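Shared between the two complexes below is chain A, which pairs with chain B and chain C, respectively.
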Partner chain A sequence: MPDYTLKIRRYDPESGQPAYWQEFGVELEQERSVLDAILQVKNDEDGSLAIRCSCQAAICGSCGVRINGRSRLACNTKMSVAAEGAPNGAIVVEPMGNMPVVKDLIVDMDAVHWKKVQRVVPWLLPEGDPPEREYIVDPESMIDVTQSMACIHCGVCVSACLSLEVDPEFIGPAALAKAYRFVGDPRDAHTEDRLLDLAEDPHGMYDCTHCFACVEVCPKDVAPMNQIMRLRRRATADFGIKDQNNGYGHEKAFVDLIEKYGILSEAQLIPKSYGDGSMIRAQVKPAALRELSAKLPTVVRALRSGKASPKTALIHHKLKDQDQVRRIFDEVESKDERLELNLYIVGESDDEEEGAMSEGGQEQ
Partner chain B sequence: MRIPTHDVLVIGAGLAGQRAALAAAEEGASVGILSKVHPVRSHSNAAQGGINAALNPEDSWESHAFDTVKGSDYLGDQDAIEVMCREAPDEILTLEHLGVTFHRNEEGRLGTRAFGGASAARTYYVADITGQAILHVLYEQLMRHEEVYRYEEWFTTRLVRDENGHIAGCVAREMRDGTMQLFTAKTVILACGGNGQIYQPTTNALICTGDGIAMAYRIGAPLMDMEMVQYHPTTLAGNGILITEGARGEGAHLYNAQGERFMERYAPNKMELASRDVVSRAEQTEINEGRGFPDGTVALDITKVPRKRIHEALREIVNVGRDFAGVDITREPIHIKPGNHYTMGGVKTDKEGHTDIPGLYAAGEVACVSVHGGNRLGANSLLDTLVFGRRAGKDAAHHARNHKLPDIPRAVVDDEERGLRELIGRERSGRRVSEIREELGRTLDKYVAVFRDEDGLLEAAQIVQRLKEEAKSIAIDDKGQVFNQDLFGAIELGFMLDNAECVVVAAIERKESRGAQFRTDFPERDDDEWLKHVDLTMDGDRPGVTYSQVTITRWQPEERKY
Partner chain C sequence: MKLAYWPGCVSRGFTPELHGAMAAVAPRLDLELVELDRANCCGAGVIAEHNQELVDTLNARTFAMAQGVDGAAGMMNICSTCQGAQSECQERLDADSAYRKHINEHLEPEGLQYERGGAWWNKNFLWLLVEEIGLDTLRERVVRPLEGLRVGPFYGCYIVRPTKRLGFEFYPERDTYLEQVIEACGATPVAYAGSHKCCGFPVITLNRETSLRQAGRHMADALDAGADCVVTPCPLCHLNLDLQQPEAQPFVERDLGMPVLHLPQLVGLALGLGMKELGLHRHVVKTDEVQDKVKALSATAA
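Moving on to the complex of A and B:
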């Protein structure tokens, strides 16, 4: 059996000492999991090593940690995989990020995660009394929300979220995915209220920066960011919600600019965001002016470092093969219905090449 | 901290516990729910396939009840089975109204899948995450009803009775900081699951250590049918991870190494969808007689199921196959074998969840009502937790109205705390907790599994006695207060050994073959002598055996064929 070295971040709150690293040698087959290795240490060597764990099958969501810097479940990370990414031969195991450490690999999820789940009003709010039998709903809608129902609240996405790092008040990927579970549920009667609430919250759905970190790390293919994007599409396309954070305007300006140039024009982004897509209208809106003047130092820095010049700021160039970008727009806009791909729903085709399903939630 | 007091104190926050808490709160009781893990980490999560109910107009509760009685090998109490099957449709509708995203058919109505041992397709489901979906919806309701007080990550170490023998509460330790606390309550509902961890391997989570069964037993509550331990037919060989029966419900087949669909020989009518005990025995026979694969398995072939359907309805086991066996189940068969899965026995209760101790209730896997008898049907366990969780919660709330809060001296906590301090401070001399746990698990999986005989059982009994002795001198590494998991592991080991002793004693006692108890030395079912429950009550430090009658309402025992 192969030998491995685990380098574990230890912290004992009762010792009065700061956190420290400790190395352990373990011996187990390469298909076994990092959790198996940690339990081996705990069982044979040091019973004080603390980690929450229970099912060992990636369903209870207890054992979220960071392995070689990447947030994941210890129970479904094979030793062979962990060893590949191990710096200097030692598999590095740390507690999850963005949450306070309680002891060793145990973090406090209450304040950062559960409080936010509570914040999205996480229960069904149907209209009036329930029917005598079941609610009659479109079968696909139930399968559709199953992707967000599959969330096991392990906190791995919360740990990896870059927005949370900057804004600890951000509702966060898992809680917003939970919110989509109700927004996407046809039985719920408060879809618009929910969307309005999450759009208007300065730490709500527009606080996500679209970085894909949560999609990459989610062990259950919930693709939280995709659920957040669906919240946005529903808020804007279906309910025309124009929020005080100007998330709507920002997104519209972003898309318009990409369609026009094939590449982003930073100089036009903010004025257009506040001017409903118009450069002129923004100049007379107080909020836009405030925002524009707040951005002046950034502009100065960009000019100084040569990242922008007065010329490039005013006259933006088009991407060379901008027509290809345009073709994507045409393709998407030619559909009668908005296409929302979902892992639980695949097309009729039993095509062998249809590998998309194992690639994680993709959307068009 | 003030002593927490409640009308109804629920221990365990899986489906049975949460359902009980909500039902008791609806009746206006003050409710506390206490669990050693965060509620959504509970093992109810692992129930993949679905939940049974005769909800279709063409189906009938009587048919569901008969299937359950037959599945139980006639050891289930028919009055309790009738209650469960009659109330099943309403329970499904209640869950649906609360928000469970049950699968729909083309008309948008609740749709079903087929499951083992059932004469109709009556299993309602959410993909293959049914338990998780229901657990999360119930937890949503707990978040909504803040009047239900949640004690998350509190470990219960013992139950307490008052001087009249009525239940009075429990002693628990806050895992986060080591605080020992007395909880007083007019009623206590045990809902803390089964004892799968006494076996290795098992499909059960590490938390399933039979705490509730042991704690009830230690204060004098009788246990029932502890020998009835379910082996699930489709678990992964090395680690015991579960592949849902839903796979066979969707059309997957079993093959031996020679490519034969061997169930033809054992259950020509129901084939792969015979009762679990029947399928597990068939697989084990194939393996024992040399027709299995070299790794001691047979093959489950899911490739028959259309890919679209697999992604929609069996997505979780696609992940399990990929992550834990390195197999793409949509393209190739996966090797499986029977593995420990479910505790049919448990704390003896009646239909309202009453145990023999006044004010103490039990519901879910910790309890033995008995609706499962010798063998539980797939998708009846979620139903059991919900129906009897609700009934216990409601009855406990009523009971609390007519009772005063018991008065128990604080000394109970001090005693318990002293004991734990002694354990924490003990110098290492004997074996490690993990070694004893490992030997226990391997022993039961060897001698008290799909096939049993007297020699093996006596051997197991002897080993369990020795392990109990060894456990008296265990020491632990962690000397701290914060999340001292080492300490909880040592307490759990004690619970597990009591569970194991009871399983072995009951298996020796029952000299016949019925349901999950197959004695190669008594291979026939013997209704004249053994159509009765085996009850165990603590007598000194050993289980004393008595018997009780099986309740038969309308289905007389017949030969059981699938």
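Moving on to the complex of A and C:
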């Protein structure tokens, strides 16, 4: 059996001592998991080593840790995989990030993850008196939320989130994915209220930096960032929610500029983003003026460094064949229904005869 | 090597030095670039957020134009964000023939059509350097090894995540290519915490504090790790890390002054191109110290 070295970050707040690193040797088949290795250490060498775990089959979501810097479930990570990415031959195991450490590999999920999940009102709010028996829904209409329902609340995405790293108040990927689970539920009667709440919160859906860290690490392919983008899409396209974070204005300004010019004009994107996506409104909203004036030094520096000239800043040329781009915009945007191909639902099944698109998986 | 070349929007907007540097570097690597000057914006994640069918059609249009370039080995981009946004669309287009057919119908009036896969690819200059040109060839072409220059890599999210979409199954080392290229140029890669993190640019107009804290923190980490400069294959990262760096400083409560080079600029320096030709004077954070170091190397070599 192969030998491995585990380098584990230890911390016991009751000891009065700072955190430290400790190495352990383990002998284990390569297809066994990092959790198996940790439990072997706990069993054979140091019973005080703390880790939270239960099912050992990537279902309960208890054993989230960071392995060689990457957030993941210990039970779902083979030793061979962990050893491949081990710096200097030792598999580094740390507690998850963005949450306070309780002891060794255990973090305080209540302080961050569960608090944020509660923030999004994670239960159904239907209208009227409850039916005599269960709520009946068309199964087709629930397909859209199955991806967000797959979440096992392991907190691995919370640990990896690069926005949370700099803004601890960010609602975060897991809770926002949970929010979409109810926004997308046809039985819920407060879709617009929910979206309004998440759009207006300065640390809400528009605080996601689109870094894909949550998509990369999620052991259940929930793709929380994709759910956040759907929240934004619903908020802007279906409800026209004009939020204080410029989320609506930014999207509208960007999309309008591409429709008009084909390629992006950064110089026009900035002023148009504040407010409702137009130049005019942006100039009269007090919040927009404040944001714009904060941008002025940046614009001056762009001009002084030679990055932008007054000419390029003010005049943006249309693309050759821009009429083609505009025609595509007209054609797609004039449709009543948005078409979304969610590969999580339809899977990748390319055959030349018939693709999976015909079998559903479209957003309503 | 002949390539269909998608320069993106920002290299022709707020980072013209990138466009110029790529044009200067191409002949030194025997690259013939056929610029797709009628192609459209990749959507940068924003159009995808707005309407998926729209963004997939727009990028299918670009791919179709690239596939129409006679004798091209593939398509090259010079922006991590273009790479990620376009790969996302390509993933959907390739996954489902009925969907692809539907999207292609939007392109019919112009006689354009995106054809799936085969040997066709769309690669960032970084991937192209390692996988198509090869580091050995790059090393052979280096006339000014950047000895002693300590360079921190900064990838940009879109070119490293999600690995499943970005071909890491076939090219598992794509998240270490910048370090490999830095070494091939004779410089020393510097490891620091922020190299694969987010620059914050996507939320600069939505949450300025989150955005600039990210940019500031990464540059401070690079500084503490002893980097002379950082290098990035993404002009959007460049906007937040260079153009916004003075604004980011208060958020980390320190002076930074960390020069941020575009990937073709770093490669161009090693290939012996001139500072001005590479647009090194067109940065907000002055690159003088990097230029002086490189000039001293030339003097030593001479």
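Couple of notes before you dig in:
To be clear about the criterion, the second predicted complex is superposed on the first by the 271 of 364 C-alpha atoms of A that agree within 3 Å, B and C clash if a C-alpha of one lies under 4 Å from a C-alpha of the other, contacts with A are read in each partner's own complex, and residues count from 1 in each chain.
As a working rule, contacts are C-beta pairs under 8 Å (C-beta built on N, C-alpha and C of every residue); 3 or more make two chains touch, one makes a residue touch a chain.
Everything quoted here is computed from the prediction, not taken from an experiment.
Of the two partner chains, chain B is the only one touched by A:Val145; chain C is not.
In the superposition on chain A, A:Leu303 makes contact with neither chain B nor chain C.
In the superposed pair of complexes, A:Pro122 makes contact with chain B only, with no contact to chain C.
Of the two partner chains, chain C is the only one touched by A:Asp207; chain B is not. Counted by residues of chain A touched, the larger count belongs to C, out of chain B and chain C. Chain A residues 343, 346, 348, 350, 357-358 lie at the interface with chain B in one structure and with chain C in the other. Residues of chain B touching chain A in their complex: 37-38, 40-43, 45-46, 93, 96-99, 101-111, 126-127, 129, 132-133, 136-137, 140-141, 143-144, 176, 205-207, 239, 241-242, 306-308, 311-312, 315-316, 319-320, 322-324, 326, 432-434, 476-486, 489.
Residues 12-14, 31, 42-44, 46-48, 50, 52-62, 76, 102-104, 106, 109, 117-118, 122-124, 126, 130, 133-139, 142-143, 145-146, 149-150, 152-153, 182, 185, 187, 220-221, 343-348, 350, 357-358 of chain A touch chain B in their complex.
Chain C makes touch with chain A in their complex at residues 9-10, 12-17, 37-38, 40-41, 43-54, 56-58, 61, 84, 91-92, 94-102, 106-107, 109-110, 116, 157-158, 161-163, 197-198, 200, 202-203, 205-211, 213-214, 217, 239, 243-244, 246-247, 281-284.
Across the complex, chain A meets chain C through its residues 162-163, 165-167, 170, 202-203, 206-213, 215-216, 229, 232-233, 236-237, 245-247, 250-251, 254-255, 258, 262-267, 269-270, 273-274, 291, 294, 297-298, 301-302, 305-308, 312, 319-321, 324-325, 327-329, 331-333, 335, 338-341, 343, 346, 348-358.
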